[in-house]
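Got a structure here, written out as structure tokens. Questions coming.
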Amino acid sequence: MSAVSVDRPARDPILYLDGISVTFDGFKALNALSLLLEPGEMRAIIGPNGAGKTTMMDVITGKTRPQKGTARFKGNLDLTRHDEATIARAGIGRKFQKPTVFENHTVFDNLVLAIAGPRDVFSTLFRSIKPRQIERIDAVLETVRLTAARDRPAGDLSHGQKQWLEIGMLLVQEPELLLVDEPVAGMTDLETEATADLLREINKTRSVMVVEHDMTFVRALNVKVTVLHEGSVLAEGSLDQVQSNERVIEVYLGR
Amino acid sequence: MLRILLLAFLLCFGLSAETRADGFDDGLHLLGGKFDDVERGVVILAGSGDQRAGAVLAALQDNRLMVVAGDPPSFFIRQADDSLLDAATLQPAGDAAAGAKAVRVNNRIRRAAEAALGTLNLSSPNAAIRRQAADAVFKARDGEALPALEAALAKERDPDVKAVMETARAAIFLANGQGDEAQRLQAVETIGRRGDPDALAMLRNLANDTSASIREAAAASVSSIEMRQSMLARVQDAIYGISLGSVLLLAAIGLAITFGVMGVINMAHGEMVMLGAYTTYVVQTLFVTYLPDAANWSLIAAVPAAFVVGGLAGVILERTVIRFLYGRPLETLLATFGISLILQQAVRSIFGPTNREVTSPSWMSGSFDILDGLTLTSGRLVIIIFCLAVFLGLLAFIRYSRFGLEMRAVTQNRRMAASMGIRTGLVDALTFGLGSGIAGIAGVALSQIDNVSPNLGQGYIIDSFLVVVFGGVGNLWGTLTGAMAIGIANKLLEPFTGAVLGKIILLVLVILFIQKRPRGLFALKGRAIEA
Amino acid sequence: MLRVEHINLHYGKSQALWGVSLAAAEGAITCVLGRNGVGKTSTLRAITGQHRPSGGRITFDGHDITTMAPAERARRGIAFVPQGREIFPLLTVKENLETGFGVLPRNRRRIDDEIFALFPVLGKMLNRRGGDLSGGQQQQLAIGRAMVTNPKLIVLDEPTEGIQPSIIKDIGNVLKYLRDQRGMAVLLVEQYLDFARELADRILVMDRGQIVLDGAPDKIDEAAIKAHLTV
Amino acid sequence: ADATIKVGILHSLSGTMAISETTLKDVMLMLIEQQNAKGGLLGKKLEAVVVDPASNWPLFAEKAKDLLEAQKVAAVFGCWTSVSRKSVLPVFEQDDGILFYPVQYEGEESSRNVFYTGAAPNQQAVPAVDYLMNEEGVERWVLAGTDYVYPRTTNKILEAYLKLKGVGADDIMINYTPFGQSDWQTIVSEIKKFGSAGKKTAVVSTINGDANVPFYKELANQGVKATDIPVVAFSVGEEELAGLDTKPLVGHLAAWNYFMSVDTPENAAFIKAWHKFIKNDKRVTNDPMEAHYIGFNMWVKAVEKAGTIDHDAVIDAMIGVSVPNLTGGYATMMPNHHITKPVLIGEIQGNGQINTVWETPGLVVGDEWSDYLEGSKDLIADWRKPMNCGNFNVKSGKCGGV
Amino acid sequence: MISSRMPFASVVVPAVLIAIAILVPILHLSTGTLPTYAVSLFGKYLCYAMLALALDLVWGYCGILSLGHAAFFSLGGYAMGMYLMRQIGSRGVYGDPILPDFMVFLNWKELPWYWWGMDHAWFAFPMIVLVPGALALVFGWLAFRSRVTGVYLSIISQAMTFALLLAFFRNDMGMGGNNGLTDFKEILGFDTGADATRSALFSVTAITLALAYLLCVFVTRSRAGLVIVAIRDAESRARFCGYRVEHYKLFVWTISAMLAGIAGALYVPQVGIINPSEFGTGNSIEAVIWVALGGRGTLWGAIVGAVGVNFVKSWLTNNFPEWWLFALGLMFVLVTLFLPKGIAGLLRLGGIDAFNRKSAAAEAGEARS
């Protein structure tokens, strides 16, 4: 178990995790995990089931408090100290592994809820949505191919459609850092390709962290890959590098 | 005072001039008169030394002495089997007893009879009766009983009874200023050993005693008793707390299943408890009519009966209403509220709106000393034990039985459980039945300490929910801890704040506590919950 | 073994399946493919009894099970690995596996070692609550749980979703093992075309609530499949 | 014009008070049936209008309004708790109705439209304390009650009275409990402790309703015997005892104006009729039932006297009306709208009955404004003309605050 | 949006309310066709409707099942009751110009501080919203901050109202104990018993209800309304969207408590008494039932539910005093079983059906072509 310790670079990384440990009833889900994401970078995270990928995202979004370690966003926001809402407002958006949408709201309203803008009671109470924003939503609906389902309750969508809706919500939220947990699970191969294109497109303006088990997809992203195992980083590098790593093959890819 | 003088006079007279043969008849005849006459009669009877006096006085005390008016009136003693004995001859009474009415007594007469019987019974061959008699003498602290007491003490072999008699003698010494200084000092010590409030009161009265040494001994004894008493008081409160906690627990266990495990906001829970209490009443009535000899054990028979009645009601309720509402927990609140109205009114229509009488069996009445000064009533003890037994049984059942596993699986994911081959309908019905059946059992216990009325359940519903939620929904240990914590806190607060304020403070504390632990004392943790 | 004949299925008033027919044979893997929202899960729901079809007939082992309760179907030998895992979150891994005992005779109630051999992580986490497992671990648990019941037909809804590559391979092997050694019928819903092609004895493609292609993997035209999987 | 005369019955048939009030509804139905059997009133049949205010106080007001305005009843018999009476009071005054209130209460009220047929504190509490003091030699007092107005007022009056009689503050313990209190362990043990100070101690209980059964069960279990510490209760009657095994409670006391055990021909006839009407010869009778019996007969007599059911006329005719009570005497309606009553002290028997052990030599007039309370000792009520006032201040010579 | 399915309700409901606010006094005072007791009775129903509306806002829209709304209702009621008590002045039975009667005979010497100022309408009326609002703010701040949700919140809100019930029962509280506050004489100088006052109170209630309804429509239709419903359905997801859930909850909760307070205040002069049993937990549950019966999550459903249930209850208690509990209980059960969306669901069914059939048919058409 080699914890890669990272010196703090001159320019603030967008995400800085150092020595993060999370323990559940004695079980170490994250073990002195350190990881660094540069602004504008896209990173793919892979690793065996239970390696701690989702838990890491939980830590970054403020859902889980680590017992040890530092987690900073853009150098100044201490992620271990703020709640989910603050962190989301600061510019971190997340797509969940299990699709979670607002089931009683229409697809359109789901996007309205996610769209960038002030989120305090006063503004939402007195300011209604602008035509420009509606256009944006409709554009995103096109992108995620849910235009036909615009006015249907999100709860009626199939599993995969919900995945797409969640991606759409991420798009309109316009966060600086996107955390995407298994975006192509339950998608067809062609959709997988489309998703990869979409993420690459997004990455032009934002930082992205993707968790995925689909190697074709990861390859299509063509970015640096970090392999987690048992709560810490096992390997890092290009996909080809890590794919040839013996340990990675042993614990993850299989022979 | 007058009474004592009179007694003293009569006793002296009676003792010195041998037993007056007609004392008994004089006394007996007076029993037919007004309260004052009766009281005089009691005193005369006690002094008569007659063999029959004991029987007559005992009968008088228990309202078993009957009179047929006349001049002189004739008296009869009603036996346990309702047959009558002639009081004067102690032979079975014939037609003479026709139209006999019970002799009216009041507390004064009961007290006089008790004191008189105490003196009379000091020489009873039965040790238990002697002990009782000595206790009565202790309570009356009647100086005139001293000679009889001394005589009895001299003969006494049983060490227990002897100790009680010595205490009684000590009390007489102290209360009436009898005995010499050494005896009185000895008495202070004896009484001090009792260490209870009675002793405290007696010793306090010695503060102005003529003898300095007695004053000092008494004062020392008083302060040590006071300290002990105030310590005991807290322990006593805690014991009461446990007892209250077990009542709360009993009322809440069923809800811990129907609400805690199944997630049904079961407003009819209280009515299931009520059904259990009414079952107890019905079972008792059946016993009294058909098996009067075993009536004392009807409560035992009521436990399974109440379980079946409550459980059946639960199963029916589940099959006809609740099962359509899974996944809509809040709607269950509405429907079960409606059911609770219906059940209450149904019971009101069937049994009438007034309370029903459920008697306590002899093995549940009375109280006993845990330590001297610390008492717990037997009924409460039985309830504590019963409650823990029910709790542990249920816990084991849920943990280790196949049904327990299926029950938990069904409540966590009904659809998937069905796909695993679990007959969810059956499991649901039985689970709800189990919870309701246990509520029924709680009703048996509550019938012992509370009203058996259509409103019985209403009194417990708020507390039950509070206990389950405070302990942490879905965790039986939480329910146990919650009930005990609330019970004990309540009883520790009560002496300081009074019952009303104590309860308010407790509620506020619970509210504040939930802020600290938003999922109760024994919160379920983990991803599944937080999502 | 399983025969689905012309079933329709409605959610409320909206229809999700339009006359779907398919069959799953003993000792064969039947694979259903299709885009998101075309009705794959709905078909499986009809088969496992979680949603009653509004028309058509389903027979299993020659018995009509169209309206049979899900638990009865399980008892007759249909096991289900649902989409979204549907783990019992507060039961331990062991207890999750044991829920399958209900359909077994008393003397057969044990968890085969092959399950732990296949999914070692389950053996390691026997006493952890199902809900606490990672997504992939849950998926493994769901498959293991279905195997416990020793079924005649095992129905899997996208079982590879969220599972690490090495285990996906293992799952493939398991399915083959179940088919070949146990002679089970396997009905598999997949999006992962390569995986499906490698395993399947027969491929069905769904689109908009209907079966649009049906045939052996080598007979069926790759381009036609792709066409239906594209938007 | 109407073929019948309507009589309103305003008793809770559901909710917490149903336990007490349902019986009173039944008694009223019986009395009305009996009156109709006698040929009705003013040549018309009486018709009972029963409503259910469901132990909900605002609902009492609503139902009262309905009875008076929509049903136009000639008189209403109803209420049990003080608060229900307080709730309907403005309605009766506004609509000029007639209410017969049959339950013992705290006094401090006199309305032109209400006839109080239950006991005022001086017809129950004070004589009971006298009895304990004189007959049982009690020197130390526990005043235990439910925390609401009736016990508060009664205890206030008793405290003043006891102090007047030379009882020291140390020898009085006052304890209040919430409604529906069901765990009495602490309080009973405190009472025991208080009572073991060497002075004869008694408990004066104004514990209300449902709380009594658990209280007495706890007394029995902790072995508090009447010969040691007698408990005298003002709200426990035969009906409440019916839910209890009274054998361990023999000798505890109750103070009322009527007991079922009273041996008079009127009472025997009443009990017989009651058993026949309710078709159950196990049912008991109690004091508020007698109060309704008296109230109803008074109203009948007053209507006959006035020759009309017109409210004003009947209200005026009521004063001075005298009817037999069930204990062998007469109840007379006084100008303050309270009636004369004998005060009986009884001891609980093993069979659930209460035997009279003491009785006031004559009848006691209900005293609406207590002589022992600061604010009310100067007030009197007299609804005869010309005074026609419920709170006349004898000091200032003015009627109330007006 | 939830409410957008019934857009015309937001016009119809206030219009109906305003219409009866005008019509009822006319019918009552000039033609006399409406008896006084009916006016007060319906006035009471409208107060309940406002309570139901308040509850629907927190429960139906925000998913907070409050079993403690009776507390806010009663506090508003007590504030009004205190004002009315002070208006009695020296007309009380003891003629004390300052102290209410219950204080006189329990020997209170002076007015406790919390009664100060309650004789002035300008001080007392704001208290009607401020007191329940403040309690809601404190309670809500504590509870929402530490993320107390679901049944835990329901039960502690019940504990809150139960504690208040016990507190107000105490005579030492200086609120009249069990007897509460009653025997009011006048409000703002008008005789509380006079027909004109009763009519006026009714109209004020109807208009207030209309305004409250519009306020609720505004809140639920706004974007904040969307957020509130989102919180109801997936609280933690809403957090990840960047919404401060506790602020939204606190906002809705406090508004709702204030509305409940106003409802209570209007209720008291119309029924003539406020007593601690109004705090009863049963009352809170009943209010929940009105909402559920009318249709949780539709504002007009809450109003219909409250008026409907209470009307039926009044009618049953008058006509079937022995059987009404059976009927009412059965009604609750049947409605839950057969009208899962309440009365509102029943009326809306037609609309939804049509919508679904159309879109399903459209899809089907596409699929076949």
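Just so it is clear, A, B, C, D and E label the chains in written order, and each chain counts residues from 1 on its own.
Convention: a contact is a pair of C-beta atoms (placed from the backbone, for glycine too) under 8 Å apart; a residue touches a chain by one contact, two chains touch by 3 or more.
None of these values were measured; they are calculated from a predicted model.
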- [ ] With contacts defined as at the top, give the pair, A-E or D-E, that has more of them.
- [x] D-E
TODO: Please indicate which chain is farthest from subunit B, where distance is taken between mean Cα coordinates of the chains.
DONE: A
- [ ] Point out which chain occupies the most central position, where each centre is the mean of Cα atoms.
- [x] E
Open item on the list: Roughly how far is subunit B from subunit E, centre to centre by C-alpha average, rounded to an integer in Å?
Closed with: 44
- [ ] Provide the C-alpha centroid distance between subunit D and subunit E, rounded to the nearest whole angstrom.
- [x] 36
- [ ] Would you mind pulling out the distance in Å between where the CA atoms of subunit B average out and where those of subunit D do?
- [x] 30
Open item on the list: Among all residues of subunit D, which ones touch two or more of the remaining chains?
Closed with: 13-14, 147, 176, 178
- [ ] Going through subunit C residue by residue, note those that touch at least 2 other chains and give them in order.
- [x] 14, 132
Task: Contacts with 2+ other chains: residues of subunit B - done: 344-345, 500, 503, 526, 530
Task: Complex interface listing, subunit A residues touching subunit C - done: 24, 27, 47-51, 53-54, 97-98, 145, 156-161, 163-164, 182, 185-191, 213, 215, 251-255
Task: Interfacial residue positions of subunit D with respect to subunit E in the complex - done: 13-14, 50-54, 56-59, 61-63, 65-66, 68-70, 81-83, 86-87, 89-91, 94, 108-109, 147-149, 152-153, 156, 176, 178-179, 373-376, 379, 390-391, 393, 398, 400-402
Open item on the list: With touch defined as at the start, can you tell me which subunit E residues reach subunit A in the complex?
Closed with: 1-2, 219, 222-224, 226-227, 229-230, 232-234, 236-245, 247-248, 251, 359
- [ ] Using the touch rule from the top, collect the residues of subunit B that touch subunit E in their complex.
- [x] 259, 265, 267, 321, 324-325, 328, 330-331, 333-335, 337-342, 344-346, 349, 462, 465-466, 469, 473, 500-501, 503-504, 507-508, 510-512, 514-516, 518-520, 530-531
Open item on the list: Could you list, by residue number, the parts of subunit B that touch subunit D in their complex?
Closed with: 35, 63, 104, 106-108, 110-111, 114, 139, 196-198, 200-202, 204-205, 236-237, 240, 243-244, 247, 344-345, 348, 352-360, 365-367, 375, 377-380, 448-455, 458-459, 490-491, 494-495, 498-500, 503
